[in-house]
Amino acid sequence: MKKFMNSADDFLKESLQGFGAAHEDIVSCYYDPNFITRSSPTKDGKVALISGGGSGHEPMHGGLVGHGMLDAACPGFVFSSPTPDQMLAASEKVDSGAGVLFIVKNYSGDVMNFEMAAEMMSGPNASVLTNDDVAVEDSSFTTGRRGVAATVLVEKIVGSLAESGGSLQECKALGDKVNTNSGSMGVAFSSCTVPAAGKPTFELGADEMEFGVGIHGEPGRRRDKVKSAQEITNELLEAIIEDLKPENNEDILLFVNGMGGTPLTELYLIYDNAKKLLDGKNIKIARSLVGNYCTSLEMQGASITLTKLDQELVKHWDSAVHTAAMRWGM
Amino acid sequence: MSVNFLIQKAKEIQVVIDANAAEIEKLDQEIGDGDHIFNVQRGIKLVIELEPTIKDLPISKALNQIAMKVLSGIGGSSGALFGTLFMTMAKGSEIDEGIDFKKAIEIFAEGVDAVKLRGKADVGEKTMMDVLIPVSNCLKKGLEENKDKNEILIEAVAVAEKGMLSTKDLLATKGRASFLGERAKGHIDPGARSSQLMIKTVCESVNS
Amino acid sequence: MKKFMNSADDFLKESLQGFGAAHEDIVSCYYDPNFITRSSPTKDGKVALISGGGSGHEPMHGGLVGHGMLDAACPGFVFSSPTPDQMLAASEKVDSGAGVLFIVKNYSGDVMNFEMAAEMMSGPNASVLTNDDVAVEDSSFTTGRRGVAATVLVEKIVGSLAESGGSLQECKALGDKVNTNSGSMGVAFSSCTVPAAGKPTFELGADEMEFGVGIHGEPGRRRDKVKSAQEITNELLEAIIEDLKPENNEDILLFVNGMGGTPLTELYLIYDNAKKLLDGKNIKIARSLVGNYCTSLEMQGASITLTKLDQELVKHWDSAVHTAAMRWGM
Amino acid sequence: MSVNFLIQKAKEIQVVIDANAAEIEKLDQEIGDGDHIFNVQRGIKLVIELEPTIKDLPISKALNQIAMKVLSGIGGSSGALFGTLFMTMAKGSEIDEGIDFKKAIEIFAEGVDAVKLRGKADVGEKTMMDVLIPVSNCLKKGLEENKDKNEILIEAVAVAEKGMLSTKDLLATKGRASFLGERAKGHIDPGARSSQLMIKTVCESVNS
């Protein structure tokens, strides 16, 4: 394993310290328990948005704390969900009285830890559970689908509503709506390596890819030979479209997300290939996002997310945002 | 059961878990995200480090501190679940008046019930519940049937092992492995394995 | 080689197409010859800033085209400098009469091709040559030092001056000043793979790093065993500081740049480790930049750049910028 | 020298370069950025594709189109340098009146002088100049000394090879390899190798 680190134990802390120092105009970092807040306090009456999850998906979520997005983020150890005390401490810091909305990716660990935090809290709170990964069969008897890159979009769009005075219930409803209207799927060319493990989570042959991979290096739908970008893109998109069923001429947001080890050039190439397919199907790309936002350490790979848009979503997507990883309009 | 007993068991568990670390790590890499062993090792270490802080506390307070340490120190599914187990045990009524074998089984069973509620998983879903629930049932049944303590403990070890092994051929419907569908078959659940090792360690150590 | 691509021949074109489509509000892409301009024409009287170089360093330079930075970028084939016809076509498109400033990284190929373009141009033009890489011995008898990540900073700062009406000579002078006040050095944990080559440019052992690596995978100062992040950071910084000789209490900009395959978490960890050393030396981090800006395809690695700041530089650093890869204040 | 001759030579060069592609690629990976072979191959292909467009043009126009194609199609150091070579050759006075052996050497020598100015490199700096300059000098000297055409060509091939080999032990002071300092020693310069192969191909083909 080659990583810029001093020890697996200090990896997270030193990275957080660097993040906090590099962006002290936007965020403040707290330790034991670890959480990140905006550098300025929550406005009175504004619903506080808190997300969190295992570390290793940066810039999600710490890089999404700031005006127009999250009020706080709770980073767990690498790929381990955070613990209730983190959510409680973060809530205490950022709840201005209007309540707390937790944005949680659908993994047992995240769900249970956030649930326990919610049960221990005194103030009003609600949760949005993201489960956009269409690689996984959905069923009400199981854990269901995984929450992946659409979480970034939920945080942006709900963040805008919260900023403009939406109530806790309105924010929750909008978050659920974005999630329902989103579908994602990813593919990996290489594994990630958890610092504490020191070796790759899985092994891929020199010509293999993991199709439908999870953002923790969990195996996906199947292992396959590497194909051309257009073939991969088509298969990812077909799976998402089959799930989302966008209408003819419907506006969508196309989000090409890198897993951490894939250069931008390739993400834009995927964007081009995706556009070719979507154009052919009369699905209109009204908004776009391309970059490494919901990563899996240094994994080489990418995911595509489609979100069906309406005017409400577009308005909240376009509104000003000022975080370390996403910034526009201010 | 005393605070000292708890710390001693934690130390014994640490030895066993460390000895099986590579296997447990591999299990969670195969059907999870690979962190289970680190979560468990971190949790055990933190509990053992509590010794000076809790050694003179009443058992309910000590158990509660252990529960909080587990809950805040582990993270992931196992942190929430093991945390729930200890939090519930710490709340068991009148435990400060002493925990005998019967009381120990009662609070363990209450803990397992709480874990079941927290994780919404039952036997057969390829999780640690495939170990915890059968063991809890076996212990309760042994008590009801007035079996000999040692016999009960030996049975519990066997039941734990059987439950752990049963996860191998199951389809997962809870936890990360559920995302794998058919591909999770043929792999033992990491949480079932770590739970089974802990139960075996404690039962065999008490029964000696 | 695993890459999201369809063929080495189409790699650049499809990536450019995706980039252009994803950011059509900011840029326009032209083909044969390839160049990228802002989507709106150059204001009358504004000096036009044009940069370019081999592709494979994205987001540099295309991602830095937009308000407050470049007017155009000329991407060559992967790691091959662009050709004079690209610069001529781009100049024709963006020169509003106030002249063209070329920002060129100091590589023989880039220098010669930009020189030929300049000679073929009729209008006023000047060039800034960046050579911030302290890994390479400097000498007036040789090609000199390589231009690397400081080029991003030059483009931001000069872009601001050009936007606010600076003359061609003023822009050139400021660019030279930023370059003179900057030093960079990088390290690689893995090689990059040029699409047309299909195999890594160099081989590194499982525990080796290339110290002082170039942004094309050129060998650096030496090959060494991988060390801790703090040791690597210290050695990079010491080399830069020895070259730049910042004063006690001098303000600097700290730029931690990823080579493409290194996750943000590790870049922030480097930032933290760098801050520890700089704090100890009483060098004040007044501004920061952390991210993948001057990359080397999918190479795992990072570079550190320090730039000595004065009020003029800070003012132009802080001014509004709106490009695909860097955006603030608007 | 006719347009047809130029295209024929380009085709012969293509065969030779392709046959030595792996070696040239490796040379630029060792002390450069690995693209030299692709640059050269792309350039040759583009020139050959010009055939229908230029085959009926006067030689000066054809050479100029070749120069522009080389300049705009290759990129990198070699694109600028080879482009300069052909641009200068195309400007040679009165070439449309016919290019005999003497004229060919004259315009080649003018081209090499221009390349030298463009790259600011002389013999001994571990670049293609270590081939181009000695070859240019050898050809000019042969003319001056009224040597036999075939003898001159054979000498040129030998001089090119010697120049190419001489780059091996040089310290580079121009081009990418200069960034390597001592580490570039022991490697032949890729541009020297490709130039030498092209010169060898043309000289041997003319001399047969």
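In order of appearance the chains are A, B, C and D, and numbering begins at 1 in each one.
Following the convention adopted for this analysis, a residue touches a chain if its C-beta (ideal position, glycine included) is under 8 Å from a C-beta of that chain, and two chains touch if they have at least 3 such contacts.
Everything numeric here is computed off the predicted structure, so don't read it as measured data.
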item: Partner chains that chain A and chain C have in common; value: none
item: Distance from the mean Cα position of chain C to that of chain B, given in whole angstrom; value: 54
item: Chain C and chain D, separation of their C-alpha mean positions in angstrom; value: 32
item: Distance from the mean Cα position of chain D to that of chain B, given in whole angstrom; value: 75
item: Residue list for chain D, restricted to those that touch at least two other chains; value: none
item: Multi-chain contact sites of chain C, meaning residues that touch two or more partners; value: none
item: Chain contact topology (line, ring, star, complete or other); value: line
item: Chains that touch, pairwise; value: A-B, A-C, C-D
item: Sites on chain A touched by chain B in the complex; value: 33, 54, 76-86, 107-109, 112-113, 115-116, 133, 135-137, 139, 141-143, 145-146, 194, 196-197, 201-202, 214, 216-219
item: Residues of chain D touching chain C in the complex; value: 25, 29, 31-35, 38-39, 42, 68, 71-81, 83-84, 118-119, 172-176, 178-181, 183
item: In the complex, chain C residues that touch chain A; value: 2-7, 11, 14-19, 21-23, 55-56, 58-59, 63, 189-190, 206-207, 209, 226, 228-230, 232, 256, 260-273, 275, 285, 288, 290, 292, 295, 297-298, 300, 302, 325, 327-330
